[in-house]
Amino acid sequence: MAMPDSMRKLIRLLLGLAIAAVIWEGAVLLFGIRPYYLPRLSTILMAMAATPRAYVDGFLRTLAETLIGFASGGAFGVLMGVVFFRVRPLREMIFPIFVVSQTIPVIAFGALVVLWFGNTLLAKAIIAFYLTFFPVTVNTLLGLETVDPRQVDLMRSFGASSRQLLLRLQLPTALPQIFVALRLAASLSLVGAIVGEWFGDTTGLGVLLLQAMFTENVVAIWAALLAAALLGTGFYAVVAAVERRLVFWNAEQ
Amino acid sequence: MSRALASPSLAVQRGILGAVLLVACWEGAARGLHLPAYVLPAVSDILAGLWSKRVTLIDAAGYTLLEALVGYGLGCLIGIGLAVAIALVPALRSAILPFATAINSVPVVGYSPLILLWFGIGVSSKIVMVAMAVSFTILLSMLAGLDRVDRRAVDLMKSFGASRFGVLWRLRLPTALPLLLSGMRVSTVRSVIVAIVTEMLGAQGGLGWVIYQAVLQIDFVQVWAAIFVASAASLAFFGLIGFLERKILFWT
Amino acid sequence: MQAARLPHPGPATEAPQAQSKPEPLLELRAINKTFGAVAALSGLQATIAPGEFVTVVGPSGCGKSTLFNIVAGLEEPDAGGILRFEGNSCHSADLLGRVSFMPQRDLLFPWRNVVDNAILALEVEGMRRDQARAKALKMLPEFGLAGFEKQYPNQLSGGMRQRVALMRTFLFERDLMLLDEPFGALDALTRAMMQRWLLDVWQKYRRTILFITHDVDEAIFLGDRVLVMTARPGAVKLEQVVDLPRPRRPEIVTSPEFVRLKRTLLDAIEEESMKSFQSSIAQEKTP
Amino acid sequence: PAAELQKASLRLKWLPQAQFAGFYVAAAKGYYKAEGIDLTINPGGPNLLTENLVATGADTFGLSGGTDSVFAARDKGLPIVCIGVSHQITPFIFVTRKDGPVKTIQDFKGKTVTTWFTGANHVLNGMLAKEGIKPDELKIQPQQVSVTPFVDGNVDVITATYYNEFYTIQSRMPKDSLKTFVAEDYGITFPRDTLIVAEATAKEKPELVKAFLRASLKGWKDAFSDPKGAVDTVMATAPTLDRAQQEFMLTEVKRLMTAGAAAKNGLFWIDTDAVKTAHDFFLKYGVISKPVDLAAAYDASFIQSIPAADRLP
Amino acid sequence: MQAARLPHPGPATEAPQAQSKPEPLLELRAINKTFGAVAALSGLQATIAPGEFVTVVGPSGCGKSTLFNIVAGLEEPDAGGILRFEGNSCHSADLLGRVSFMPQRDLLFPWRNVVDNAILALEVEGMRRDQARAKALKMLPEFGLAGFEKQYPNQLSGGMRQRVALMRTFLFERDLMLLDEPFGALDALTRAMMQRWLLDVWQKYRRTILFITHDVDEAIFLGDRVLVMTARPGAVKLEQVVDLPRPRRPEIVTSPEFVRLKRTLLDAIEEESMKSFQSSIAQEKTP
């Protein structure tokens, strides 16, 4: 039952992509769009095929940075959400600083990150982390606060400890909200990884983008964009799929 | 009553305490470890630098805010317009939504090279970038809001003889407002950041341009001063929309 | 399905037909409604006379709300049934805007205050706002809402919200009012208050009312007639005339006549609800 | 043996391209290893400042903006020293259309001129000053990443480096349709692409600096003698680059690196006169706030210690 | 507030004390509870014997849930009252984990299936999962849930959810069970089913039950004794022994004895609910 359904979805997706590709190619040819604005899809794909290693390596490198940033940002975000939920004074002291931190444009202090963390994968992942943790903190907190006090009372009447309360009731209740933030974080960590690569790196989709921009190579820009789109959509889809798995009770309501 | 009044002020006190502690640590680290300005300038130096360059910085902030505001307004209009169009003509949904989601899956900064090449390094490229970043958020939150409407309420309106437009105007739009406004609030900070990031890649003015120039001139105090101003501008914008949100959504 | 169906054979014979009355306001004959594979209504018959207060009880999921949706013009019945309103045969959609309908929940708009919620239907009709407001303001005291015109729904108690929703329905002046479990969300005591109050208002305005409820006491206390529906697919199983004198006092619920009526109705319902209970368990087991 | 290798890093001013070919060739051919250095080449990026990274010790060596940025860094108190100059003459030119209204530099008046505010603006100002033109007599605008506004005719004069933008413009416009203005024609030279180290490195590890220079020189000489191979090496790091453009770039860079005093003294020669001229110019126009100690900022001893034969291209 | 208060003077005299019975399971004397300026309970007295089924009715907001929270250990009463459980005087907090409490809604965890919801309390107690599950599985048929162990709450009907919640409460084996309007969210017909079923289960396990409801029919049908509470601040206004034979058949609700009991209780409630209705309107007008 599930198999043909997912197959049908996949076929529909591929069909949609094929149609979009044909429209792209056709539109460029038909309206004679200057390649400077929009090159033909085939040209772009050929450019990618000419140097596949660059795109594969860039993709993997950016993926690694994205994943590390996402994982650490997500974990830290949930942790801070729980801490803020439990310790109100701490929350009132630190939360406003978190808010302010999010108004700082990353690229402005990217140089500092290189200075402090060097030219490592870590430096990129830290920028991704910086963009990721805050939405997760906010939503974890929001989610924890939606816990029905009557459910808390019920658990307490069973004699539950605060640890049992957190693990068995509060975190599961917050899970749908946390996943809303994680989906957002999936795209934000990619932004962080790409921007992070703008601070002196040799591999990564961000590097490819930047190099293409400054040599005014529009085909290469599009190629890097497509790779980024693939990474972004793929990662988002994975997070969404995990969400459907873990938060099964929410989707059906 | 007096308790209700006292507790938020305690929260504010703690907030201020947190900020003071942070500034103290920063200042202490910068001065105590004798960090040079190109590693981390002291807060007091930054504030002094901010004051001495206030004219330049305020001009630049104005420039950036203008880009951010125009782009933001444009983005809101586009997002709301598309969402309303989808609500009125459901057939548009399957045409617009996958397209929008696909475009949205690429990080906005990814588009900056193209947008800079297409629209130049003037104000218009920043406006386009901001509008792009904002419009998707708005479209998605507005749509979620419009879809949230209670079917039974729609039936009620229909039973009064209301038209599709009547239902939209009297029921669906007000229902969507809370989600729309929270989307708008979140987008404020984003609009300023996107404007600044795009400015740093090529611009004729603005805070991003100031930061870029200051880095080249190795003037790190000014870099930080510009960051402070950018942060303050974002917060002000955020606060303004948040305030409007509370005013408009009196019923929640 | 194309040809007009004969009346539902079994229970229909039990139901005494209202014959000597004048022209009925609403007449339903052989109404069917299926949703995909689910038959919600099957061969439903009913006649409502002008000015009558008719209550409807029946097991959960038997199609009561579906019936209301059809009469409110929101849902078209399957082809073959006959729907007559004010003597004229018509489609369901023709009834849109011609009956005043109050759904299961109050559905007040939180961004509108009491008056503006009440005049919603008038606004949709195109009446000028100030005119509509003036009209509503005059009605407020009767609905126990005097002085509350500027309040917003979140400042009202459940009972008051329900009265605002009822006022909205009353202001939409149509000959037929459909009330779908208007008091379902209220606690039993507030509910009793609201019932008495509704009878007062109805006695004054004398609109025709079709009223769904789950509560047999409520159905008897309010109605001129009680329609008991069968389990799904819904049809009218029993039409019970309530010959209690009006105005009715709260004490009436323990009077012997009331208890006798209750017994009759409970027996009928018991039979049907056992059916639907069984079938629902059977159904839940399938997936 | 690897154990004896000394770790070091070189921070470039931009992403990998043929402009830096010599360093990549030296690394690829193991010249740094042979000198006992385990060298990492770190690319630059927008908003990254080589001077800053070298001053803080994040990187050992840096290929910085130019003489102007060395002065600026010293002026701000960054402890860096220049140990070699790569481009001996100004790498920027100002480009206009042959058939356009601009025939001489006097015609710049009232026209739209775009330039980078990252050094090229000083060149422009210097040229204008020599001709007695005040900057406010023309419309000077920041130049964007694209040459399209010029190609489309929206800009009268555009700034270009010999090795990058000039190539793009030429590839998009008819041959021989361009006219260029060169700084040297107006008696101005701004040497650029300077090699820098931290003061501490210069003082404490002179042998490391010399070894680095020796290896780099070898790399550059190889790059010039085998340009195709050098471009291969660069493109192994950045495969999406355009080969034709990279080959052109290397040719132009060779011209810039071997021009002026380098023809006689070899690559990375520090032309003290040119540096002094630039210094006085910056002081006059307020780019730096006070005179900079030239001897401290430019230490030619390292490059001079290398035998001339190893330096000459 | 420090000194022990005298029993509430008025209604307490009406309440016949349960004297000849054995050691009471729960004893409340002169219990007060104030929230800020609001007095929720004032001088409440009650005694529950082991194995008794006591129902509680009273106007909305009179403090019924507050009373339960105190007995469940969730809320400390004001100083001065006496709380005795199994013969020992104790603090409210001492009762945490010692009575099984079922709040007003089913409060099932949507991420746990039927069995895992049922064993929640056992897990908290520290029982191993497989052991707890095995124990629950054995009980399923009795709760009409056989074959549903793997279903999630959103796949269940309202009545079934309620049965899962009840099963969770039963599995938490404590001498005293507190049920706070367990059937409040159900429609009247499902509710009638559940009542009969609850009586069956109770007759089998014979736990002591304290049961809040708004519905007088329900209170009489289920209880050995009905406590009627006064309007806020809550106290026991009337203790009515229900001397109807058990097992009780559904038809009993129209029997004369039932109707007589209902009349008595309705009169008492009517008086109190008028008070609370008035005071709530007065209160709503203030802001």
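The letters A, B, C, D and E name the chains in turn, as written, and every chain counts its residues from 1.
FYI, a residue touches a chain if its C-beta (ideal position, glycine included) is under 8 Å from a C-beta of that chain, and two chains touch if they have at least 3 such contacts.
Heads up on the chains, UniProt names are B = ABC transporter permease; C, E = ABC transporter ATP-binding protein.
Note that the structure is predicted; figures quoted are calculated from it, not measured.
Undergrad: Consider the two chain pairs A-E and A-B; indicate the one with the greater count of contacting C-beta pairs.
TA: Here the pair linked by more C-beta pairs in contact is A-B.
Undergrad: Any idea how many Å lie between the Cα centroids of subunit C and subunit E?
TA: Result: the chain centres lie 33 Å from each other.
Undergrad: Quick check: how many Å separate the C-alpha centres of subunit D and subunit E?
TA: Between these chains, centre-to-centre, one finds 85 Å.
Undergrad: Between subunit A and subunit D, what distance separates the C-alpha centroids? Give it in angstrom.
TA: Distance between chain centres, rounded to whole Å: 38 Å.
Undergrad: Could you work out how far the Cα centre of subunit B sits from that of subunit E, in whole Å?
TA: 52
Undergrad: Could you pull out the residues of subunit B that touch at least 2 other chains?
TA: 39, 113, 116-117, 200-201, 211, 215
Undergrad: Which residues does subunit D have that touch at least 2 chains other than itself?
TA: 46-47, 49, 52, 56, 145-146, 148
Undergrad: Listing for subunit A: what residues touch at least two other chains?
TA: Counting only residues that touch two or more other chains, subunit A contributes 36, 107-108, 111, 115, 210, 212-213, 216.
Undergrad: Please list, in label order, each pair of chains that touches.
TA: Applying the touch criterion to every chain pair yields A-B, A-D, A-E, B-C, B-D, C-E.
Undergrad: Taking the touch rule as given, give the residues of subunit A at its contact with subunit D in the complex, in rising order.
TA: Against subunit D, subunit A makes touches at 36, 47, 51, 53-55, 107-108, 110-111, 114-115, 118-119, 198-202, 207-208, 210-217, 220, 223.
Undergrad: Can you name the residues of subunit D that touch subunit B in the complex?
TA: 46-47, 49, 51-52, 55-56, 65, 69, 72-73, 76-78, 117-118, 141-146, 148-149
Undergrad: Which of the residues in subunit A come into contact with subunit B in the complex?
TA: The contact residues of subunit A facing subunit B are 16, 36-37, 89, 92-97, 99-100, 102-109, 111-112, 115, 187, 190-191, 194-195, 209-210, 212-213, 216, 218, 221-222, 224-225, 228-229, 232-233, 236.
Undergrad: Name, in rising order, each residue of subunit A that touches subunit E in their complex.
TA: By the definition above, subunit A touches subunit E via 148, 150-151, 153-160, 164, 168-169, 172, 175, 247-250, 252-253.
Undergrad: Using the touch definition from the top, list the residues of subunit D that touch subunit A in their complex.
TA: Interface residues on subunit D, with respect to subunit A: 9, 11-12, 14-17, 40, 42-49, 52-53, 56, 58, 145-148, 164, 168, 237-242, 245.
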